[in-house]
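Both complexes below contain chain A, partnered by chain B and then by chain C.
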Partner chain A sequence: MKEEIIVSGRMNQMIDPHLNIWHWEIPLYLFLGGLAAGVLFFAALFFINGKENTYPTAVRKAPFIAPIALIIGLLALFFDLRHKLYFWQLYTHIRLMSPMSWGAWTLMIITPISFIWCALNIRELFPKWDWNYEWIKETEVFLRKYQLVLAWAMMIYAMILGIYTGILLSAFNARPLWNTSILGPLFLASGLSAGASVTILMSKIKKERKRFAEIDLIVIGIELFLIIHMFMGFLASTEVQVDAAGLFLGGPYTMAFWIFVVILGMLLPAILEIMEIRKYHIPAFAPAILVLFGSLMLRFIFVYAGQVSRWLY
Partner chain B sequence: MRYAMAVDTKKCVGCSDCVVACQTENNVPIGFCRDWVVEVMAGTYPQLEIEIRSERCNHCANAPCVRCCPTGASYFAEGGIVLVEPNKCIGCGACIASCPYDARYPHPEGYVDKCTFCLHRLKNGLKPACVAVCPTKCIYFGDLHDPNSDASVVLKKRKFKTLIPEAGTKPQLYFLI
Partner chain C sequence: MKEKTPKKYINPYLGGVLLGLVLLAANFISGRGLGASGAIKSCVVTAVTTISPSATESSDFLKEYGKAHAGSPMKNWLVFEMLGVIVGGFLSGAWAGRLNFKVEHSPKITSRKRLIMALSGGILFGFGSQLGRGCTSGSALSGMAVLSLGGFITMMAIFGTAFGLAYFFRKNWI
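Showing the complex of A and B:
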């Protein structure tokens, strides 16, 4: 038996609550960033494939969610900073070893791209839109000429953004639950799933909704595979990782993770989508809302549980 | 130059004088500390073993906090001391999440704060406050590149360990066992 008494200790957030450094702002941003990445990825993908007219919602309408999500996410990030007035220091440094620096610069690029994409599709929302100034009209003509290049950039940066939301956490070897490279692909998949759900929610075309339900189904399958893979990796690893995985396997976050993320966020929407594809009458918004909820919960549960996990010494 | 510290777990009585000395010397805000005492009791009564450790930032040679800082506010100063430059720190908390020793805290003024090995005292030829105040003289400090420094001498004589070396941080806080 080993008993540990901490006289005046840190190393334990039960004693030092400030060690739980990240609160709702970070998971909210990770969710919105992933969602924006998903929406922009599908918009770019189907534009490049020339399916703009088959899936008009995904290419032209859903991207309007992206800049809104990114701006709210950025505000949440700003809110999280404790030394707010120094935030500009992020943009006077490039730190290749710091995922957060990568993220800051990625956002600096993808946010303007998402605004430009929306500006090019503004007539989708306001058919009589007129830019008024000649130079804006000329810029629009120029950008439209190179929209394919823009789409490629948008697709690549959307993937970087989606993966980065996971890598931000997985780069911390001090928190064993986060310290798995599965987190990058898992958060990217979750973001793509959320992006597909946004399109399903906004689309009025049955064929498009069905197509995105199929895409969503495949991505959910990948997510479930990655989650199983993650636990296999943890349980085959050292005591530190086994202890971290225990947070979801009998520990305090077990119910939250399996019920909110896996059952409500993945299995139930997957079943509903299969029924929908099999031509049962399922309200299309139901699986989409569940996926968005699950995606949000995934970020919240991982951010909070990760901060509890630690090296054992 | 490579500053390091060695704490004698056999001599330390866990009085926490080092904690108070640090808080006073460095004007640490109330409710926080840059160093702390951990007491590990192992075994079943009456066969008990106790280890008392005065812990602080390990000033790792491969510091995850320096690596993950997005603005370069966390950096290696002279002798490998890990410092934070408050005017560069945005208070994002990445370094706090990245430290396996939980040695950092968010200062109420917004930046992240931590042990500095009392660099301001070293520059005046003094020892860090925790070392100077220790009533059992169980903390040894010095330059590992100088074979005659207190830390070098004691690490040559005694068995020692570091905390979670498997985390790959190359910690420079040694515990004599």
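Showing the complex of A and C:
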């Protein structure tokens, strides 16, 4: 047997000249995870604030999207694994320094919470729902008693989930485009914006749609602020980061990023929402769909461009 | 709603001047004129190439276009321009209070007939624009702006034919 010592990743075609490992599964999951985080965050927030009856769609209906999004997202993650049968080993460790460990455990907590939340609100969709078994009914009474505690846990874990979708990339110090701490808050904001949009799409109450359009506007403002600061950070940094930012400033991803993410996914929906708030007649689905599209494109473009970005050697 | 009745359309002559300024701006910013059929052609070439690359190879019409647009035909100024047209149209419709789903047609014909006529007209125009190397915007408007003889001929052919044949189709409108 011929033994080899590998001292460099440069002979690996999937790493050099650029990473070619993450495909559609990862950005799809990052989008769905962010979306679920956004939906669950608003549900918990307005429940804690006692606004359950003012914003019933956000608290009781929109959360039904979360478990579906999480399951599809987790399936996508599962497809991405090379050694699929060993995924359970993630749950034999807790590594505080590893974003993947954080993500695995966060999902392990928030997915059941999202199911419980939906179960508590099941009569919103099926008014005549009956649990049939006595022990389930007793559990429901018990959980309803502690729903406020559940809401707090859901809100905190939704935030962790939203931030972790960005940190998963930014912890990757070999890829300068990802290696910025702005990515966590940016992906959280994008997930919140997507969550607000889903609520707008599902709501039949004018007041609720208006409030979520306002929330969405504020979040879009924060996203634009973060994007500007991300580029300022890159451009004020070393040649490597300047090069990474160049992918979006004249490089191959320029048009896709600025047109699909910033213009169609943020500025245009913001304009439409401002018009809507000013009482122009705008179909509510238009800005919401645009925001969801922009949010999905943000993940795709970042995952693909990040793999192309590299150190200069 | 801010206003119950839609705002009036602007004066067509003023609209024409504005369109001219758009063309001027397009030439200034992108170095190219306006176009509509080119964007559709990009979509067609991309769709055909994706589904059946051999079909693109066997057709000179599709192959040449692919060659002329290295990379992807979708990374084309006209494709993005058309996206902008849709966005701009939507915004201006919203601003004027004119956003709703309807088929505009003469009261004498049905929506169905109007849609069938529009589709057939569109198909004919699509063929024509490719034989004539451009449509009203790409060939006639942008061409005339740079004093291209072809542009003037296209303009006369398009509007002359429409003027000549309008008589036979007038029942669809009046």
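Worth a mention:
Just so it is clear, the second predicted complex is superposed on the first by the 294 of 313 C-alpha atoms of A that agree within 3 Å, B and C clash if a C-alpha of one lies under 4 Å from a C-alpha of the other, contacts with A are read in each partner's own complex, and residues count from 1 in each chain.
Definition applied: a residue touches a chain if its C-beta (ideal position, glycine included) is under 8 Å from a C-beta of that chain, and two chains touch if they have at least 3 such contacts.
Given the structure is predicted, the values throughout are model-derived calculations rather than measurements.
When the two structures are aligned on the shared chain, A:P283 is found in touch with chain C, with no touch to chain B.
In the superposition on chain A, contact of A:A236 is made with neither chain B nor chain C.
In the superposition on chain A, contact is made by A:L264 with chain C only, not with chain B. Of the two partner chains placed by superposition, only chain B is touched by A:A171; chain C is not.
Looking at the shared chain after the overlay, A:I21 reaches chain B, while chain C stays out of its contact range.
Which of chain B and chain C touches more residues of chain A: that partner is B. In the superposed model, A:V141 lies in contact with neither chain B nor chain C. If you check the complex, the residues on chain A that touch chain B are 1-12, 16, 18-19, 21-22, 80-84, 86-87, 89-90, 92-93, 95, 97-101, 104, 171-175, 307, 310-311, 313. Note for the complex: chain C touches chain A at residues 1-2, 75, 80, 83, 87, 90-91, 94-95, 97, 99. Remark: chain A residues 255, 259, 264, 268, 271-272, 275, 278-283, 286 touch chain C in the complex. Remark: chain B residues 14, 16, 19, 32-33, 36-44, 55, 64, 67-73, 86-94, 96-103, 105-106, 109-112, 163-164, 167-168 touch chain A in the complex.
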